[in-house]
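Below, subunit A partners subunit B and then partners subunit C, in two separate complexes.
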Partner chain A sequence: MNDQPLLRKILAIDDEPGILELMKNLLGPESYTVLCATGGAEGVRLNTLENPDLIILDLRMPVMGGIDTLRRIRKTDRDVRVVILTGYGDSDSIRDAADLNVSEYLSKPFENSQLIHVISNVFENPIGEIKC
Partner chain B sequence: MLELKKLVYVPILHAREGAAPKKEPSAIDEMWDGIAAKIMGLALPWDKTRIYQDGLPVCGEELKVAERLAESGSRNHQLILKLVAQGAQLEGTESMELLLREHDLLNVLLMKHSGAERAAAMAQYQAKSRDLLKMRDGFIFHRIKSAILQQDLVPLVFMGVMHRVDKLLEKDFLISHVIYRLPFSSVEAIYN
Partner chain C sequence: MTQGGHISVLIADDEPAHIEAIRRVFEAAGSQFAVKSAATLGEYRQLSAAEPPDIALLDLNFSDGSAVEVLKAPLGANLFPILIMTSHGDESKAVQAIKLGALDYIVKSPETFAGMPRAVERALREWRLILERGAAERSLRESEERYRGLFDKSHDALMTLEPPSWKFTSGNPAAVAMFGAKTIREFISFQPGELSPERQPDGRASSEKAREMIETAMREGSSFFEWMHKRISGEDFPATVLLTRTDAAGKRFLQATVRDITERDQLQKKLMTSEKLAVMGRLTADVAHELNNPLAVVIGGAQLLLDRFDAQTPAAAKSQVETVLRHAKRCKMILGSLLGYGRTIGKKEEIISLSDLIREVIKAVDYQYDMSGIDIVMSHDQKADMEIAGNKTALLSVFINVIRNARQAMGKKGRLAISIEKEDELQLRVKISDSGIGMSHEQLSKLFQPFASGWKDEAGSGIGLATSRGLVETHGGSMLAQSDGPGQGTTFTIFLPHALNRRTLK
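On to the complex of A and B.
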């Protein structure tokens, strides 16, 4: 029997390959399994296939932006935890994030240790819809 | 071409902190530490900066209200006092009458403790508060616009994330957002 604990799965969705590589290098050693999608459509597909515990989502992506991506994900998955990362935050996307039950909205640039801390904090809180 | 005036907009999450002393900073504490660092980094002309604060009524006692809330542990108001010490001026922001109506709605909600009662009260609060929020936002917008547009001043606006004052202000001001992190999952509910 395999007694090894299951690693938590994190799906990173970002159009910048450098950011995805950073996520792998940063979160892999923290005992997370990191899956990567280079766009919204691929992210929606991987979420359905892999059922991750958490999604790290970039807001600004070509073709399908972060909020559109999350709207599609939420049609079938109300529970997955989501951390939004953005370098271009504004009130509209914050309100959308609140409506779509996002766990954290984090502004770039961020320290690596900060992202690890935020993810750990998100896993400490129970899954549930924020009332707004 | 007329150049738009700059306005600094800080979306915030309201959270009620427990009275017990904390061993380590909460996510809300960290949000405020990050906001404070970013605002200080802006190097605003403090003597020309006017602070507008969600929930602060126009009452002539604005600074005293902020001092009382800062003393009771509000990180938001502790930051405001720091900025006032730098030379910024705190302005009454909201209509007292509308705020009292909001507080009445919120009190009804907070007095319901059982799950089913609370859920029904939350739905009622959301419906009534939505209309009230529009009126509050209209008041805040006129308050800022009338005070700032004719003068060489920089408004610094702390506003709960569900307000939509930014949508009204963006016609007259170039809005620059200050966002560090918004830990939605660390708060029980987002109040207006």
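On to the complex of A and C.
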């Protein structure tokens, strides 16, 4: 038997390969399975395919932005937990995402401990609970 | 003249025989004369009022009064010309009648009666000339008054200059006020050269450039240019000048129209600064966002590396990575301070106690920079209500910025005095004085300009104070800096509207 059902699956969507690599290196040893998508479209596809427990989504991406990506994901998947990575002064976009059931926001550049903390916090809360 | 070529003549005489004699002469002279007559002054008044004649022949004395009663001086005030008829020996009275508004007088005699039609025609010709001259004079006077009014009431300074010395020969009240003279006479007493600084902003000598402008205007009819003028008090002010060549009374001279453009210039400068700020704001936002990702990778990677290090890792390697991490975090902080504010404006406003805000600022600054050697003295008016309305993040950044500047100006040791007071019913005033290196006049003048800070390399971003002032202004306040010179410390004064006023303003 494998113990894969025990490993929580995280899908990281970010256009910056450096960030994806960092996520893998950082979250892999924390016993998460990390899947990576370098754009919104790929992220939507991987979400349907892999059904992750949590998505780490970059707000600012070319072609398909974070909000658009999340809207598409929410069309078919109301429950997946989402952590959004924001830059400075993205408050307007954050407001746009208010109805999209985002579990947590984390501003870039973040510290490793912050990310790990945020993720474990999000997993402690039951799915579907809207944080204010 | 009556229509149809008739000349209506009104004869007034209390001697019916005289009237008859004159009437006959006119009848004999031709059908162009229409004669009416009055035997008393009352009758004359009645007839002339009912239908004013072209001319009246008026005896001097009547049983019911004297002809002088119906005369109007000056001559032109009468509706029609009046010829006085006198008896021989009454010449002095006749002269008096002329002074009182009669056109002329005729001494009654058979000869003069015979010449009456010619006299009337002559009188009418003269009357026409008088009327024409009167109209011309009136219109001249009116136009003179009109132009005098334009000259006197103009907001532009108007003056005339005459060759060969090109001294002022006249000036309007606006010129007197603009240059700060007390009277027109005082204004004219100044040489044009005395009302300009020695050199113009382009570096040319004012006298030389002025001569050139005058020559251009004399040659081409006019010249329009910007000019730095000087008030009598010694203060320079920018102006536009229009020189117009004018010919009058056989003289050729220049008329100058000077407009003070101090306000326009200031507005332009303000616009340019805010434009610069806006462009820079967009630029820095974009750059900072681009830096976010690589910085996140550097910080995360360095932290990861540190976590993986163990006892076997050489200490030097560890400390090197720690240095990388520390500096990356500093970059993050700089980006944050660059962008954190400016974007928050207009988003959320709250009522803030100024003294609480300042205390929070001191705590924040102390956390980021070592303030242990700085003696901080804070005073505030305990009685007055020190609340303002605004965006807290933005205002925090303003004061953090000012105090950080003060800290940098002082180095590790110094004295920082902060006072919060009521300026007046509308505004609160925060004064922040440091004992630091101070500023020269030139440094002060550039202080709020973006990228003009005196800080070298790492000490500042170069936009802090420009942004801070912009933030204060968006809160309806103002900000200024004073320094008595290098080594004398610097004082920043920030005015912010009282919370109540801002709320009523909205």
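Heads up, the rule we're going with is that the second predicted complex is superposed on the first by the 122 of 132 C-alpha atoms of A that agree within 3 Å, B and C clash if a C-alpha of one lies under 4 Å from a C-alpha of the other, contacts with A are read in each partner's own complex, and residues count from 1 in each chain.
Note that a contact is a pair of C-beta atoms (placed from the backbone, for glycine too) under 8 Å apart; a residue touches a chain by one contact, two chains touch by 3 or more.
Predicted model, so just to flag it, every value in this text is computed and none were measured.
Student: Taking the superposition on A as described, I'd like to know which of subunit B and subunit C A:49 touches: first, second, both or neither.
Tutor: Once the two structures are laid over each other on A, A:49 reaches no partner at all.
Student: Please work out whether A:7 is in contact with subunit B alone, subunit C alone, both, or neither, and reply first, second, both or neither.
Tutor: The answer is neither, since A:7 touches no partner chain.
Student: Of the partners subunit B and subunit C, which touch A:63 in the superposed model: first, second, both, neither?
Tutor: neither
Student: Taking the stated contact definition, name every residue in subunit A that is touched by subunit B in one complex and by subunit C in the other, in rising order.
Tutor: Correct list for subunit A: 89, 91.
Student: For a test of understanding, state which residues of subunit C touch subunit A in their complex under the given definition.
Tutor: Subunit C residues touching subunit A: 285, 288-289, 292-301, 303-304, 307, 328, 332, 335-336, 339-340, 342-344, 347.
Student: Contact residues on subunit B for subunit A in the complex?
Tutor: My answer: residues 9, 11, 27, 122, 126, 161-162, 164, 166-167, 177, 179-190.
Student: In the complex of these two chains, what residues of subunit A are touching subunit C?
Tutor: 14, 16, 18-19, 21-22, 25-26, 60, 87-89, 91, 108-113, 115
Student: Residues of subunit A touching subunit B in their complex?
Tutor: 81, 89-91, 94-95, 97-98, 101-107, 118, 121-122, 125, 130-132
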